[in-house]
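Both complexes below contain subunit A, partnered by subunit B and then by subunit C.
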Partner chain A sequence: MTWLVGTIGIWLAAWALNARLAASGWARTTAGKLAVPILFGVTILVLWEGLVRGAGIAPVILPAPSAIAAKIAVSLPTLWLDFSQTFLKGALPGFVIGCGAAIATAIAIDRSPFLQRGLLPIGNFVAALPIVGLAPILVMWFGFDWQSKAAVVVVMVFFPVLVNMVAGLQASERMQADLMATWGASYWQSLVKLRLPAAMPFLFNGLKIASTLALIGAIVAEFFGSPIYGMGFRISTEVGRLGLDMVWAEIAVAALAGSAFYGLIALIERWVTFWHPSQRH
Partner chain B sequence: MNASANATAPVIEAKGLNLVFQTADGPVHALKDVDLTINRGDFVSFIGPSGCGKTTFLRCIAALEHPTGGTLTVNGMTPDEARLRRAYGYVFQAAGLYPWRTIAGNIRLPLEIMGFSKAEMESRIDRVLELVELKGFGKKFPWQLSGGMQQRASIARALAFDADILLMDEPFGALDEIVRDRLNEEVLKLWARTGKTIGFVTHSIPEAVYLSTKIVVMSPRPGRITDVIDSPLPKERPLDIRDSREFIEIAHRVREGLRAGHQDD
Partner chain C sequence: MTRALPVLTVLAGIVAIWYAAAVWMNATWIFDQAERNGQTVTWAEVIPQTMDQARPLLPPPHQVAAELWKGVAGQAVTSKRSLVYHGYVTVKGTLMGFGLGIVMGVLLAMSIVRFRVMDMSVMPWAIISQTIPIVALAPMILTLSSQLGISGRDVPKAIIAAYLSFFPVLVSMVKGLRAPDQMQLDLLRTYGAGEGATFLKLRLPASMPYFFASLKVAIAASLIGTIVGELPTGAIEGLGARMLIGSQFGEPLIMWAALFAAAILAGMLILAVGVVERLARARMGVPA
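Right after this comes the complex of A and B.
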């Protein structure tokens, strides 16, 4: 009972403190901008810890953050092995290949009205296939190791990037295209110097969506056959052994990796499309 | 480019030019039987209400539209050949600068496409920036500049590769009166300094009379030329020439021409 009361007390106190901080001028400084969300995050963790302990919740239902942290601390080599298998070998190459193929296909579609009529519907069709049906087939084709996981990721990221890139290539203004014509620019000159830069805000929308899909795809694909390591493999086997603290540890790693990957792409976006009204400050 | 020998050679020649757009509501006669000769060094204004085909005619010269009848030559070539030989610079109604390039980068763009050497590019950029009085703004991005400055930058871009013909489609239409006056003066100075042939679309009578050696009055439905006025005004034109009798007489004739075109509405 003391745990529960204490936790709720800390929660209310932190809430009140944060509300005052956010309302004060200090919240607009760099330190303030960091402190407010950090305090919020810490409050959530304390609340979680206190409720789990105070209400005596079974670790199988919900382990306390401290238990998850302890598990992470003792399992670092395993977590790193899983992370490198699933993220570095499965998600990342799949993301690069899938996005690269989508960009190349978008340019081909843009160049040829024939492909425009043919390829977009096929891309759409592939994107509509259920991933739980596709993953086992790709595991059969490409084997248990990371290659099949990368293949699943390729299929998942291809379509959102393709659709955005095709739209992006049509985004340059009529007048800007006319200017290229008046200078006697070739197709490739106008592609490189006008249409690709104009497509960047669209492309990065696609890449950001694809970054989250890539990790999901790589993890889910491991459910259908993998070597005896990998984040998806670990989650599915630890659930069977009721090792929920390990499942949560993998989830924590996945959340961190996914956020960092998304953040990295958003950072590159800010650098590449600095000229776009949404990025100007 | 023997300027003295070609002093009166036609640069742009249209004979019986027709352009019919096929639209969902049936054919639209954008240009009907347009005959016009523009000589080297002329400053020609096209004036008329919207839909009279003035912009369309300019776009035909630039090979951005293709006539459906008659002949049109630019420097003795078809417009498409002339376009590929970079015969003209085109300034649109909006500046149309690429936002991911600096002002200097925008001016460098046509030069990159045409394959100028690096040193040549830099010296040309410096020269045209000075010409449009934007020296020191080369490193700025377009969205950091006012509308008038952006439009001057777009003129600099059209001048950078030194084509003999400059086509301008209502370049100052979106700017306020004061900025417009100043830019008109600058365009005249530029024309006097460079001796280019200029085609200028406008719907302002004073602007047309102030700038031009030849005023082409057009009217809509179908788009056609109703009057061509050779201006008797001297080449040197201070802004207050607009209060002179000759100026007012020409402006009156232009207005009559525009009114005549409206009578059949």
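Right after this comes the complex of A and C.
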């Protein structure tokens, strides 16, 4: 009971503090912009811990954050093995190959408006399809190891990146294209110096979508067959054994990896498209 | 016609590549088989055989179409082998998740636009929530809800679908509710409109184009979430479960038919959202 009351007390106090912070002038500084969401996140963890302890929820239903942290600390080697199998071998090569192929395809069909008009509606449609359904078929073709995971990721990221890149290549303005023409720029010169840079904001939109899809694809593919390690494998087996603290540990790793990957791409975006209005502060 | 021609050409190209790939991939099995029997086969004999294997590596389009037709029209709709039945299960989950996602997204967006503290504390976490691979959480949500005594898979599936579909709605609604400019807000203040009236008469109508644009993304995301929710161990109903069954029993045709059924479903759902959008726009007097 004391746990419950204490937790709710802490929650209310933190919320009041956050409200004060957000209303004060301090909220406009970088430190304030970081402090408010962090405080909110910490409060959620405290609330979770307090509810689990206070209400006596069994660990097979919902383990407390402290139990999950303890599990992470003792099973670091396993987590690293799973992470390198799923992320470094499955998601990352698939992401690079899939995005590379999409960019190359977009540039290849760039000179043919006919192909573009044909491919763009189909690409848009396919990008909205549940491509994850291809996972069992690709696992059947490429075997249980990381090659099939990478293949699923390639197919999943290809269409969103393709559609964005094709749209991006059309983004430069008529005036700018005319200016390049008055300078006597060749097709390749105007592609490299004008249209590729102009396409970057669109490309990075696609890459950001692809970054979250890549991890999803790699994990789903493991549900259909995998070696005896990997994040998807560990999650599905530990759920069966009710080892929920290990499942949550994997979720924490997946969340961290997903956020870090997304953050990295957002960082590169800021560096590459520093000239775009959305990046000016 | 000028718009359809390029699309049809590309589609024809895809089908041609598909047939070529089917011949190439399925031929290996026939050559192996012939070699084992000590026979030699020519390509002229092989090609017809690649077109109707029982367990092809890559079924050619007409086999998939036949299987799809058998699943849709060849069974009673209530049969466990009917794709209509499995499609219905998936659509039910998708629509529940879609509805839940819209409600969550709109409510969150309203409070984020109204309260600065919500904007600062919740918005970053909403973004982070989408970088967490939901599939890692999916088996977790399934066991959690069965531990809590919720029977069936409808609720956990809807939660997974809502987790994916609330985000596009949230982002667009935040943008949409902030779309009215200062002049319009000032005008309403000179009318003496309160916060509620400003919301109902200015902010909400102004957000509608953003809202409908996000619905198409949200319904596609919701369908993906539902299918992912049907994939992990134990599901027996729905298109995702159909794919799993096809994979476990080594029946590629079942997998492909389920995959195409899901694709057709996605197309129908997106079309339906488009129709609703057009009706709503006409009702609100937006010129088409």
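To be clear about the criterion, the second predicted complex is superposed on the first by the 260 of 281 C-alpha atoms of A that agree within 3 Å, B and C clash if a C-alpha of one lies under 4 Å from a C-alpha of the other, contacts with A are read in each partner's own complex, and residues count from 1 in each chain.
The rule is short, and it goes like this: a residue touches a chain if its C-beta (ideal position, glycine included) is under 8 Å from a C-beta of that chain, and two chains touch if they have at least 3 such contacts.
What you are looking at is a predicted structure, and each value in this text was computed from that prediction instead of being measured.
Participant: A:141 contacts which: subunit B (first), subunit C (second), both, neither?
Facilitator: After superposition on chain A, A:141 lies in contact with subunit C alone.
Participant: Quick check on the superposed pair: does A:249 touch subunit B, subunit C, both, or neither? Answer first, second, both or neither.
Facilitator: neither
Participant: First (subunit B), second (subunit C), both or neither: which does A:176 touch?
Facilitator: first
Participant: Now for A:152: first (subunit B), second (subunit C), both, or neither, which partner does it touch?
Facilitator: So A:152 meets neither subunit B nor subunit C here.
Participant: For A:240, is the partner it touches subunit B (first), subunit C (second), both, or none of the two (neither)?
Facilitator: Only subunit C is touched by A:240; subunit B is not.
Participant: In this superposition, which partner touches a larger number of subunit A residues, subunit B or subunit C?
Facilitator: Counting residues of subunit A touched by each partner, the higher count goes to C.
Participant: Could you please specify the touching residues of subunit A with respect to subunit C in the complex?
Facilitator: My answer: residues 15, 18-19, 21-23, 27, 33, 36-37, 39-41, 60-62, 114-119, 121-122, 125, 128-130, 132-134, 136-137, 139-141, 211-212, 215-216, 219-220, 223-225, 231-232, 235-236, 239-240, 242, 244, 247-248, 250-251, 254-255, 258-259, 261-262.
Participant: Provide the residue numbers of subunit A that touch subunit B in the complex, in ascending order.
Facilitator: On the subunit A side, the touching residues are 173, 175-176, 178-185, 189, 193-194, 197, 273-276, 280.
Participant: What does subunit C use to touch subunit A in their complex?
Facilitator: 3, 5-11, 14, 57, 116-117, 119-125, 128, 130-137, 139-140, 142-144, 147-148, 216-217, 220, 223-224, 227-228, 231-233, 239-240, 243-244, 246-247, 250, 252, 255-256, 258-259, 262-263, 266-267, 270
Participant: So in the complex, the part of subunit B that touches subunit A is made up of which residues?
Facilitator: Counting only subunit B, the residues touching subunit A are 62-64, 83-86, 88-90, 92, 94, 96, 98-100, 109-110, 112-114, 141, 143, 161.
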